[in-house]
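Okay, structure first, notes after.
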Amino acid sequence: MLFLPLLFPLAGGICAFLIKKERPRNLCVMAALILTLASSVALCLRGAEPVTLLNIGGGISLRLGIDGMGRFFLLLMSAVWLIVAPFAFPYIKHEGRDRQFFGFYLLTLLSLMGLCVSKNAVTLYMFYELMTLLSIPLVLHSGTERARYAALKYLGYSVAGASLALFGLFLLHHYGGSGDFAAGGILPNVGSSQWLLVLAWFLMTLGFGCKAGMIPMQAWLTTAHPVAPAPASAVLSGIITKAGVLGIIRTTYFVFGPDILVGTWAQKTLMILALLTVLSGSMLAYKEKHLKKRLAYSTVSQVSYALFGLLLLTPTGALGALLQVFFHAAAKDVLFLAAGAMIYRTGREYADQYRGIGREMPVTLWCFAIGALSLIGIPPTGGYFSKWYLATSAIEYYGALGVVGAAVLLLSALLTAGYLLPIVARGFFPGRDYIPERREVGASMLVPMILLALSALIPGLFSGLLAMPLSLLSASLF
Amino acid sequence: MFLLSCLPILLPVLAGAFLFLWNPESRRAREIYVMASALLTTSIILAAILTTYTQGHDATDCTLVRFSSGMTLSLHIDRASMIFGMIIAVLWPITTAYAFEYMKHEGKENKFFGFFLMSYGVVCGIAFAEDFLTLYIFYEMLTLSTLPLVMHSLDQKARYAGRKYFIYSFSGAAAVFILLIFLMQYGTTLNFTYGGVLDLKKIVGEESILRAVFVLSFFGFGVKAAVFPVHSWLPDASVAPTPVTALLHAVAVVKSGVFAIMRLIYFGFGTEFLYGTSAQTVVMAAAIVTIVFGSARAVRAQHFKRRLAYSTISNLSYIVLGFTLMTPAGLTAGLVHMVFHAVLKITLFFCAGAVMYKTGREYVYEMPGLARKMPIVFATYTVSALGLLGLPPLGGFVGKWNIATASVALGTPMGYAGAAALIVSAVLTVLYLLPVTVDSIWSRDTLVYDDAHAPKDPNAYMCVPLLLLTAGGVALAFVSQPLMALLSGVAAGM
Amino acid sequence: MMSFLNTLVQHRYAITATILFVVGLMNLMQQRYLVRKVIGFNIMDAAIFLLLASRGYVEGRMAPVVAEGTAERAAELYINPVPAGLVLTGIVVSVSVSAFSLALIQKIYREYGSSDIKELVHLVKRED
Amino acid sequence: MLPFYRYIPFLCILLCLLGAILLAAGKNGRAAFVISVAGALVTAVLSGILLIRLMQTNESFVFVMGRFPAPFGNELKAGPLQALLSTCFSLVIALSLLGGWSDLKHDVKPDKLNLYFVMVSLTLASLYVLTYTNDMFTGYVFIEISTLSACALVMAKDRGQTLVATLRYLFLSLLGSGLFLIGIVLLYSVTGHLLMKQVSEHIAALRATGEFTLQLAFIVGLFTAGLGVKSAMFPFHRWLPDAHGSTTTASSAILSGTVIKGTAILLITLFCRVFTLDTVDKLHIDNVVFVLGLMGMIFGSVSAIRERHSKRMLAWSSIAQMGYIFTGIGLGTRAGICAACFHILVHATSKSMLFCCVGRLSAVNGHRKMLKELQGSARRDVLAGVGFTLGALSMIGIPLLAGFASKLYLATSTMGSATKMGATLIAIALSTVLNALYYIPAVVTVWSTPDGESPERAPHDPTFVIAAVVSIAAVVLLGVAYTPVMHMVEVGFALL
């Protein structure tokens, strides 16, 4: 049962590599994705006993298992993957090298699925590395010198991050840190060596933070995401970054447990780093003209919202973080897809070139608008809720730092508005002397955008829908 | 029965010597002869190991020469010998097969295979040596038997490399000679004894000088193990034909050095004499520096084999670090990495060699698009690279994990530094191994060949070893637990 | 002053021998021309023989020519014969050596037309 | 009537001298060759018998020559050590002659050949005397004889170079023997004796009273310097490379293998039998010898690295090896002296073999002497190549060969005095590397074929084959089964 979500992408990926014809390949890709989603749904409903893949000498083993947090991410990721796929078919077709793209697209999903169902830190690390390696081809897709450079940068940063995490793991292993995950932490009461553990946590968070684009290791993100083809950058920004978040959640709440971390120097430092990231990300996005780059910067900033929430180490904060994860995934995907669609059609890449695009591709721009609103956090979109929770929890639990945090979030929201809305505005209201020509993209591209836009919108309207389970989940962490 | 342990040494040496006298005309005949003797040796080694495993040491112990009462040239197969013996016994015939094809464009095959066989026997001797004198003897022999292989082409670079090689090796041996004198003076016996041979009554008051001698001899053996600062012969030696660099400079010779260091620490001076002393700090520091230094240089090196050589330097010091921890866990960890690195690195070298052989390209920036022409080579390369850079659950990770956790368990700053060094080197490893794959597959500016001269995968002589080794490397990773159980026998003094 | 003279007188042979030896040695070492070296060597030997002979000589005794009936009183009658014997042997040796070296020098002179050691060394260097 | 074996030392000396006269009479070079080889072998066998006998009875005896009893007469003293050394010398000379025979035919004028062998047997005689003599002055006389015969051996190859080399050798030796003679004279004037036994008794008495310390120091210094010149001790070594390097093969082998050892042995005898080691130690002469030995060890090797001429390189290496011997002597301990004696044996066998093989190698490459001109010669005569390689490895000190054993003994014998131990170990380690630095490239050169063409085999040289095979066997044997030899040396030392 646990293996199914891993099996289908694997099979699909291999097929994608082998099948030369386009239609059957696309069909098989879709089938694989649907099956993956289905199997993960089933897994979430049925649950499963943890299983041991392999005992590695040295007292560690690769174990798979499923729990609440796993369920959440499992569903999120497989769903988004499925939704984005149709968009990719036409898009990649004009990029070329489709087999390679879809093969790695599915294999990356495999690694993500593994990430969600991994039961202990070593397994997590394994799938994490795997994800890095498998997602590199997505960045590399075009094979140009820029792409190569970006890919190697991405590789270097990710591996450095992962290795930091591994180093933390080395330190932990001695205290049983490589055991099965359990909410609230698995470390026995460690008196004297707490400094060591806190250090380990700090390092691991920094390490996983790399994927989530947190300062100081965010530089790769804004290089790598833009050069990837739009669907790839969509999932990279929307999901792969979340893998980093998942890593941090796992280490913080399932290995160390909040208790030994609350109030330590590490927590404060990391929170400050997160806030810095939020702010600087938004500012750079505001200054950036290249659309995809801008979105990438905004990713940097947005994901750190979630990190900030997690680092508060409070139930509300965690809840806010989870919501942010979900909504940012939806919103940022739709933004990237919309951007991709626009570039695909118009070939324009800079934010100020989209004058009147709203007349030409209204649906696309509508989706873009919804995504933007959700990202800014304007009620009633979902983004509003997540940011609300984050801000309140920040103020509730933390004095000065909390207030500063809330302020930063607000400021960054304003900046977000500043760098997203103008596009929408100029897109819809180009001015009188503009003769639009219809050039909306096809259904296979529209449907995903619409779906994602809705998923960024609907749960916001009926916030209970999502907030209820997630609040339970976040409460269970403590 | 004692023949079992001395035949694998004598047989290849004699077979190699005979090759010079016989000097066969046809390549076919030579290949059959060489392969037969290699396989025979391998089977004898395995038989010997098996016999010892089932019937105990007495079954295979043997004394070749008795110089005087205390000094003998004698063989004894213990758990460590088994591990090392198995590694070389498996890898040698495979490399031989590879060499048949490769040496066609190097020439002087007769000389090559003669010394190649000889060094097989000598390495065996190192594996099976019972005491320090025997170890020292074979250590010297190893230098002599491999020198012609390094200088094979006898051109300027080869001569330089060879010169450097033997100067370093002899200096190392000289240091070891001093060790020998001291062990004769202060030791109860020269035979390897787990826990050390020092005579506790005699060494009273002499501890400091003995520790100094330990450090000296550590670097003496460290020459072959390419420990910083006595490493620099190894990259230069990569001018040798690829089978040599692959087998000798990734496995046999360098592992002999590492193996000797293991003997020195655990079976010579003994851990309780060294543990926690300044001597340990020094040797650990050396290992740590080498780890980082090697990887850093590997990133900068553009020559493919040179890069791999530097990577070898770094990885050898993983093992050495494990040994210098002077804990049973460290010993086991070091041995594990010894096994895995042997298989993985030889594969990588074979790939580099295959590329050189088919396309004559030696530099990593000459690889673009080759993967599409030589899929097998680069597939095996990538898999082994992933293994080496420590993607769980592949070999590299197992080794790294055990070494690092063991060194953290030391609880000293040095221990943490060791783990940190491993991490740094891991990052660098990715940076020097993967770009080759990336370029070879994805680069746009694929060089265009007219199909006549387009490079292809080499023939079975090369591909089969490649595939075998890769498969073996992956398979080993999945039996890592039983493997470690076996290895922990060494730490149990078996 | 007196005592100093006395010691001089007592050790006259030794002193002379030393002076001669130094002279000979200097010649052997410093002379450039081979024949002179040989002469120097001979002077050196002469010094040594002088010293040796003086050791055996005892005031007021006769040469050890064993006549009838003197054998039993040999100890106080004769001077010590051993040094004399040594001197004789030494002279033989030194003569033969000088002869040899002179022959050698002659050969060399035929070869190179010179007996100047520096020059010879130079010439030889040029050969290989 | 004494038992037969007591006559052996005297007999050997007599045999050699008579042989010399006999050969001088004859004209046929080949016959002379056969005779002298036979003679050497006979003496070897005789000494061997003596050795075995003395080992059985574990004794050493004094043989009185002439009818004069001590304190006047002229004595030989024979113990296992002397017997062992003289056996070795006879064998080495026989082997050198065999190995160098073809070169002799090439280098020496046919009408001079028999004279050459006269000189050889004189050399052997002088070696025997130097080994056995119990009388200082006899020692002096035969030092001179060995000088003359050695000079003759050097100039056997009738070229200007060798002549000049001979001359320098001659003058330095004369200086050396002069010093030695003065030493004797002074010693005589102090002790009034020439027989070692009596002299040593007097010296013991003098030490008891504590007089004449300065004179003694001076005397021992003179002996050391004099003999040091003869056996190429460090600062007095300059004559050796030319003398040994430029002459014919057999001469080089004999000179390097044996002649320079004879005086070293005499020095050992003087130190142990006459002055006794602790006197020497009191006078701090041993430290001087030790330091000079170490310096010779290093300096010889360094110069050898710079040398391009094959045989001169070997000659330099001889200087380094003599350094080992003097280091052993300079340790001033029983173990040290034994190690030195053992190294004398080792070096005698290895170095003579090396010279023979190099001679052969250069012969097959058209008698060219420069190292780089020897390229590929080992392929023309594989046996010579193997011999050269083994000899070189033995000199470097590769285990299972003679050199390693003596290195091991020398190193172990230093245990005890910390400073000397440190110095020696470092020096040995250093010189091992240095030796490798010039021997290994040489070996590589002789084996490597110039750009691939495979050189044809040279016609066999039977006498050389015999010599090479025997010496190789000897070197390997000394490297593997050295314990009994060392045992003999130790017993012999006890009975010195």
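Residue numbering begins at 1 within each chain, and the chains themselves are lettered A, B, C and D in the order written.
Everything below uses one rule, namely that contacts are C-beta pairs under 8 Å (C-beta built on N, C-alpha and C of every residue); 3 or more make two chains touch, one makes a residue touch a chain.
The model shown is predicted, which means the values in this text are computed figures rather than measured ones.
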* Asked: What are the chains that chain A and chain C both touch?
  -> none
* To do: Select, from B-D and A-B, the pair of chains that is joined by more C-beta pairs in contact.
  => A-B
* Structure fact -> Ranking chains by how close their C-alpha centroid sits to the total C-alpha centroid puts first chain B
* Quick one: point me to the chain whose Cα centre is farthest from that of chain B. => C
* Could you please state the distance in Å, as a whole number, between where the Cα atoms of chain B are centred and where those of chain C are centred? => 69
* Distance from the CA centroid of chain A to that of chain D, rounded to the nearest Å? -> 85
* Structure fact -> Per the C-alpha centroid definition, the whole-Å distance linking chain A and chain B comes out as 44
* Asked: How is the touch graph of the chains shaped: line, ring, star, complete or other?
  -> line
* Asked: Which chains touch, pair by pair?
  -> A-B, B-D, C-D
* Structure fact -> Interface with chain D, chain C side, in the complex: residues 21, 25, 28-29, 34, 37, 41, 44-45, 48, 51-52, 55, 82-83, 86, 89-90, 93, 96-97, 100-101, 104-105, 107-108, 111-112, 117, 120-121, 123-124, 127-128
* To do: Would you tell me which residues of chain D are touching chain C in their complex?
  => 72, 137, 140-141, 144, 147-148, 151, 155, 160-161, 163-168, 170-171, 174-175, 178, 181-182, 185, 188-189, 194, 242, 309, 369
* Interfacial residue positions of chain B with respect to chain D in the complex -> 65, 67-68, 73, 107, 133, 136-137, 140-141, 144, 147, 151, 154, 159, 162-163, 166-167, 170-171, 173-175, 177-178, 180-181, 184-185
* Asked: In the complex of these two chains, what residues of chain D are touching chain B?
  -> 393, 396-400, 405, 407-408, 411-412, 415, 425, 428-430, 432-433, 436-437, 440-441, 444, 448, 452, 480-483
* **Parts of chain B lying in touch with chain A, wherever the complex brings them together** => 333, 336, 386, 391-393, 397-398, 401-402, 404-405, 408-409, 416, 419-420, 422-424, 426-427, 430-431, 434-435, 438-439, 442-444, 478, 480-481, 483-485
